[in-house]
Amino acid sequence: MSGLTLAEAQKALAAGLKKAEAIGQPMNVAVVDGGGHLLAFARQDGAIRASIDISQRKALTSILMAAPTGALTPLVQPGAELYGLEQLAGGLVIFGGGIPIERDGEIVGAVGVSAGSVEQDTQVAEAAVAAVTRKPRTR
Amino acid sequence: MSGLTLAEAQKALAAGLKKAEAIGQPMNVAVVDGGGHLLAFARQDGAIRASIDISQRKALTSILMAAPTGALTPLVQPGAELYGLEQLAGGLVIFGGGIPIERDGEIVGAVGVSAGSVEQDTQVAEAAVAAVTRKPRTR
Amino acid sequence: MSGLTLAEAQKALAAGLKKAEAIGQPMNVAVVDGGGHLLAFARQDGAIRASIDISQRKALTSILMAAPTGALTPLVQPGAELYGLEQLAGGLVIFGGGIPIERDGEIVGAVGVSAGSVEQDTQVAEAAVAAVTRKPRTR
Amino acid sequence: MSGLTLAEAQKALAAGLKKAEAIGQPMNVAVVDGGGHLLAFARQDGAIRASIDISQRKALTSILMAAPTGALTPLVQPGAELYGLEQLAGGLVIFGGGIPIERDGEIVGAVGVSAGSVEQDTQVAEAAVAAVTRKPRTR
């Protein structure tokens, strides 16, 4: 059904948390399966709680859009083609920190990270994805 | 109330799917009745899943606004008269891909298409509408 | 990602619509993928429109609960173990008409049917599931 | 505000997952802080996905009601004093599987478990709570 096991999700999660510690920014890290359903989650001490939702929604957005959330940013600005996209499909996140997990050209899951800067969130998400795939799809 | 039958909706749907194949872009295509209620829907293999909601909402927006969704784009930009419109009426889509189906000056249904570029979505919606009406109202 | 193609979903949908015609009860029929995301839908002329949501939610419930919706009915009655279940997970349907599509012991999709009696809805869902699997999981 | 660290939440989570394995029933296990906000979550392979929401909502219900969710069951039956409670406060769970984590008479967090029978869910939640407190408040 999923393709991604809990063991793999926890491996990605641990890699993300480790990266967040290295950066020195407490984070919320979420891992979802290929259908966008939550598999594993952790919120580090001191990380803001708005990001509980944001991190999970970033992962879900990556699944629903089949793309990293950072790729959406230029497309949804005023005057751009998909302006207004963020309020559709139940609420999408349009800044970086959500990255799909791909295997053999198929999306089997996604990671969403939130609580730091977009740059930091993206770095942590990349570390998490890299732990369970050889070629993480990046920004 | 509706005027549009399932047979007609399926005819529009099939024409849209055929156009999407010709373009080479997998799509979500939705057909609603004159009240905005879903009649027929299909998601082609490989089409993004955020567009399940977006395609249906484009069709609904066309009914609620009595206009193609692409006509809303300039009206909702920052500084424009209807800035903020997209979050009203339960969530409207403000970019192209939703087109009303008109007969004798009356809107009897609408088509919503999503997953490609706005240009592609609009072309597929036009093909779908054209299959069940002689003079589709376009952008 | 899904396992179920649009062609298969349309085959299930067509089998459901045919069964509904044989019964003489207009229906809403929805087919979702293994993640609960809509693949194909049709509402027959005369079928009630509340069932647009109900049919899709039956299919989604079958995915989220990994069971036919009819199996939930005894479990959620007053005094029973899961009383109150129906308002959780975004709203679940606790009467028959939603059936998972299984292959090799894995749920790859689901069918949801609504607009007739629970008995009729279930018969139509069974016909739809049977069209794409040899051993449909029934009530 | 919380008092419960991620390390403690993960310790409770691990104890819950271990108990679920011993029982042989895949589970969703959620740990929230004293404000009801998610700290840690895991869904075991094969556990139903409706329980992603239900487990988290059980933990939240325990915080909002300052009680194990199982204590609510008799109070919400037809004719009982709190009949209808489950649809308030954003949706409460009224069957067992959510247990507060108490320290020195103060609730500092809660565990929510879902996917098995209510008896199994409660056993797993008790194991999780026991891992981070000496005297878990039970059913």
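To keep things simple, chains are lettered A, B, C and D as they appear, and every chain counts its residues starting from 1.
The rule is simple: a residue touches a chain if its C-beta (ideal position, glycine included) is under 8 Å from a C-beta of that chain, and two chains touch if they have at least 3 such contacts.
As the structure is a computational prediction, the values presented were derived from the model and not from experiment.
In terms of the stated touch criterion, the partners common to chain B and chain C are A, listed by label. Note: centroid distance chain A to chain D, computed from Cα atoms, is 26 Å. Note: centroid distance chain B to chain D, computed from Cα atoms, is 44 Å. A separation of 31 Å divides the Cα centre of chain A from that of chain C. Mean C-alpha position of chain C lies 30 Å from that of chain D.
Within chain A, residues 35-37 each touch two or more of the remaining chains. Touching chain pairs in this entry, ordered by label, are A-B, A-C, A-D, B-C, C-D. For chain D in complex with chain A, the touching residues are 5-6, 9-10, 35, 37-45, 49, 52. Of all residues in chain A, those touching chain C in their complex are 1, 33-37, 106-108. Here chain C touches chain D in the complex through residues 36, 61, 63-66, 78-79, 81-85, 87-90, 92, going by the rule given at the top.
The touching residues of chain B, when paired with chain A in their complex, are 48-54, 57, 73, 76-78, 86-87, 91, 93-95, 117-118.
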